[in-house]
Amino acid sequence: MVVIVFEIFLLTLLVITAVGIVRSRDLFSAVMLLGLFSLQIAVIFFILDAADVALTEAAVGAGVSTVLLLGALALTSDREARPKGRRLLALGVASITALILIYASFDQPRLGDPQAPVHQHVAPWYLEQTPKQIDVPNVVTAILASFRGYDTLGELFVIFTAGIGVLFLLADGSGRGARSQLPSAEAQGLRHHLIPRVVGALLVPFIVLFGLYVQFHGDFGPGGGFQAGALVSAGVILYALIEGEASALRVLSFRALAGMIAAGALLYTGVGLAGILRGSQFLDYSVLLADPIAGQHLGIILIELGVGLTVTGVLLTIFHAFAARAQKR
Amino acid sequence: MELLGLYNYWVFPVLLMTGLYAIMSRANLIKKLIGLSMFQAAVFLLYITMDKIEGGTAPILQAGNPEQLYSNPLPQVLILTAIVVGIATLALGLAIVVRISETYGTIEEDEIQGQDAE
Amino acid sequence: MTAGLALDIGSWVLMLAGSFFVFVGGVGALRMPDFYTRMHAASLTDTLGTILILSGVILQAGLTLAAIKLAAIMVFLLLTCPTAAYALANAARLSGLSPRPEQTPGKD
Amino acid sequence: MYAATATAILVTMALALTRALLGPTIYDRVLAVNMFGTKTVLLLSVIAFLNGRPDFLDLALAYALINFIGVLAVLKFVQDYTMRHSGEERGQ
Amino acid sequence: MSSLATHLPVLQVVVPLLTAPLVFMLRQHGLAWAATTAASLCAFAVAIELSTAARGGATLVYEVGAWPAPYGIELVVDAFSALLLLMVTGASVFALLIARRSLEAEIPEQRLHLFYAAWLLALAGLSGIVVAGDAFNIFVFMEISALATYVLVAGGPRRQALPAVFRYLVMGTIGATFYLIGVGLIYMMTGTLNIADMEMRIRDVSDLRPVLVAGGFITVGLALKAAVFPLHAWLPNAYTYAPNAVTVFIAACSTKVSLYVLLRFDFVVFQGNQAGHVAQFAMFMLPLAIFAIVIASILALREANLKRMLAYSSVAQIGYILFGAGLVSATGLTGGIAHMFNHALAKGALFLAVACLATSLSATAVSDLAGAARRMPFTMAAFVIAGLSLIGIPGTAGFIGKWFIVVAALEHGVAGALLILPVLAGSLIAVLYIWRVVESAYSSPAGDMATRQEAPLPMLATLWFVVLLNVYFGLQPSLPLDLARSAAARLLLP
């Protein structure tokens, strides 16, 4: 119960942060506050028993999106002009919509109410059937990868589309230009800072290792392909930050990243089609092996790997695309 | 105390509309994207709030504890997907903003419109 | 049971002390007059508070996988916190932010 | 006991947030963000025990790591920025 | 291949989805185009196969992953979705046939393979929305199609494409998020995400406030994505500055797919479950539809830019579709749904003609078209026929839907007779704005405009094929009408 009080406290902080973000005219501060916003909301998710979501939100919201926003700020400007007009209209629309939603809330089930409809119909089935049909402890992974694997396929292609879009908009000719560039002073990263460099270099392998652990431990604990992809790319981004983007590109070139993106997408779709070829439905893993449960395990490992590959590839491609753009300046 | 159980559902619209307010009232394109991120994050809160069950724990089954209640895993799966959608939208939006800044030299909406009107 | 009780008391003392330092650090970061003093307050207590709290929790966890993970977190924070603090102070100094309080720029 | 520790950490988080909102310099904000991140890691560890699910400590580790990368990214940004705008004074 | 036939609903989505990473890896843009077109043709063939089945009255259900329905994700293809699938895949095929020439002029060669990959993703996303039987799955595929469409529009040759696409992105995301909030509220009250299951379970809770609010959010969110009248601000510029081939594709189908989801939700999930929903729907939608028809038509009339004029006309046509739906009768819905298909044909043909014009004219303004008919007689002739179809002249496809809508309105007696006034006014204004183009194009040429310089033959052939389809479906409207009739019957099922 006391945890719920913490949650309420954090929610209040969250509202304060949100207002701070809107009011701040310095975009750089707004970005950092957005990082704090993500951390807070991630802790709230953790308190609300959504461990997987908390991990993802922290990795994505506080990690990846902060890095991306900073990359974009470096390419544009970090001051906001004095806002003009339309504030009353915005305030009006926002207040009315908020009031409608608050009005709706009075018929909603209370937080944690075990009688709520969400806990009655579909959810118990998942909790009951997962041990029998898929047999992994993490029900979130079971639903994500198998029961609603088609959604996750869609999710993979959403991130794939974003990767294509950023490449289309920012890179000239799928990265050929970026590789030929000599590392300029800026691309050196934080090289001349000795201590961060040593500590960072020490940490990078552990971060990547941890990412792989999250990837393959996703059946048992919080984690999975997406979180792992975000963590591994965070590790490589750290490497790029301390050693410069050029060094990071030497390890994983644009071409290799593109290969990872396509391989992941093809792997996932291929596993789905294998279900059809073996005489069942699309994305049915039970038929992959003689034993349906073993088949499910194999399918889940493979598609999580596909997700991990594509996510790592896309996030790093996006990061490098922004960085390469900055060097061209 | 009964009403306190709805606190999450009140914070959700407030956050949502703070985001929408930022999108509508600010001319700066990056600020709009930041508002959009908050707007989406608020929806995550709506979904995750409903997964909570009193006395429950995260839906990672514990062997040898068959009586344990677990929170609803389904909204969590949905929100995992929605988070990915959010970051994908943000990345694409930022790429567009960078291109706008390069071609127009500004990221303020009114100045861009001013340039196009000429 | 006495050993267990001693362990409990030990971990409570550690955690309480840790909480105290963490809190003091927070107050310091808020109340100190300029960036460098704030940083001084924050980073030192951060590290100490972290060690104390995490050690307290480790004592509670006993010899389990959780304790190892906690130790890993502790080592990680011990490495990164001072590094981040150093890099931050360094960046601030290089950018020309003066350590003398009377010259700190005004509010945003 | 965990609850008391968690409360202290939460209050400190609120203080750090205040500092992040007040500024005044960019470095103050970075400092506050870093502090906030560390406190999040601690809070997560403590709550994991409070809820009796110590297997979720992975999350705390991940947070610690992401926090560090975030701070370094911010610093790199500030450094590049001051390099590019070396004439202008940064940090107001 | 009877075993393969059962997998058609999922193949509809998977074929373009699987081709996208392959195209992404192909660096040679000719090959990328060929692969994209091949995948599109496959998808078109699948859609034809599915619509044949649906015309026979079958509803195909596919359980992805072999998990039973409310737990796993279900794909459903009935008459309504089959009609939409035909539109989406057909638009993609015809747009791609002209895309090769048209895009080479607009997009740097080394980025073309990325562009085609995005095209396939847009196709897969739109098809995915149409076949989905699960509310959240619709959201996922909506985002795939939306993100891919942003990329496609951002490929436009002029710099105004970028602010246009940014606005599209922000408004599209708000729309999708509103939809997500609505789905979340329904899920909160019913505990299910499957649309068919929702329809059953919502009965017990239909009077509770969250469900009412959910209805509002879903309708507003989708209306934003469908550019329903006051929420259409993103559409004109997005259509105007997109590459020509892209305009053909998205103008023909993307807003209609959102409308399809909107009708599905409002009629299947909320209708008959919520007391007074019919009246509410009509009360909100009819005025919006009428405003859309009148105001957007007038805006189109005042617009100088040819593509933007046609874009405003699209907003007006969405008004017609909503008008038909807002009458909440079998005839009205049939008319509205048939008009989706017919308008896709007419507007597709018009934008194809614009793409052909662009091959040898640099003009974007209606007034600069002088002499175009002399320079490109076949293109302009096609434009005229397509324009007649847009206006709704008997004998063309555009007539059928409007006729049904008028008949449906007259079923309501005197009030209905008053209601059709704006519909007729819209058509009259359409005559005027199409006439403006024709007058300008057939006026005497200036300078070198007199020399004949037609669009390349493959483009012209595609254009004329679609124009003839307009005539064919005007004289022989049984395919869209059959599908629209059974779709309307399904939507009105209590």
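The first chain written gets the first letter, and so on, giving A, B, C, D and E; residue counts start at 1 in each chain.
Going forward, contacts are C-beta pairs under 8 Å (C-beta built on N, C-alpha and C of every residue); 3 or more make two chains touch, one makes a residue touch a chain.
From a predicted model like this one, the values you see are computed outputs, not experimental measurements.
Note on connectivity: the fewest steps through touching chains from subunit B to subunit C is 2. Following the contact convention of this document, A is the list of chains adjacent to both subunit C and subunit D.
In terms of C-beta pairs in contact, A-D outnumbers the other of A-D and A-C.
Among the other chains, the CA centroid farthest from that of subunit E is the one of C. Subunit B and subunit E have Cα centroids lying 28 Å from one another.
Distance between chain centres (mean CA atoms), subunit D to subunit E: 47 Å.
Centre-to-centre separation of subunit A and subunit E, using mean CA positions: 32 Å. In this assembly, the C-alpha centroid of subunit A lies 12 Å from the C-alpha centroid of subunit B.
Shown for subunit A are the residues in touch with two or more other chains, namely 26, 29, 51, 73, 101, 105-106, 108-109, 116, 118-119, 122-123, 126, 148, 151, 154-155, 158, 161-162, 165, 169, 190, 196, 200, 203, 221-222.
Residues of subunit B in contact with at least two other chains: 16, 20, 33, 50, 57-58, 60, 74-75, 78, 81, 85, 88-89, 92, 96-97, 99.
Multi-chain contact residues of subunit C, defined as those touching 2 or more other chains: 76, 80, 83-84, 87, 108. Inter-chain contacts, as defined above, occur between A-B, A-C, A-D, A-E, B-D, B-E, C-D.
The touching residues of subunit A, when paired with subunit E in their complex, are 100-101, 103-109, 116-123, 125-126, 129, 146-151, 153-155, 157-158, 160-162, 164-165, 167-169, 172-174, 176, 258-259, 261-262, 265-266, 269, 272-273, 275-276, 279-286. If you check the complex, the residues on subunit C that touch subunit D are 11-12, 15-16, 18-20, 22-23, 25-27, 29-30, 35, 38-39, 42-43, 46, 49-50, 53-54, 56-57, 60-61, 64-66, 69-70, 72-73, 76-77, 80-81, 83-85, 87-88, 91-92, 94-97, 104-108.
By the touch criterion stated above, subunit A contacts subunit C in their complex at residues 26, 29, 190, 193, 195-196, 199-200, 202-203. Residues 76, 79-80, 83-84, 86-87, 90, 108 of subunit C touch subunit A in their complex.
For subunit B in complex with subunit A, the touching residues are 2, 4-22, 24-28, 30-31, 33-35, 37-38, 41, 44-45, 48-63, 69-81, 83-92, 94-99, 101-102, 106-108, 110-111.
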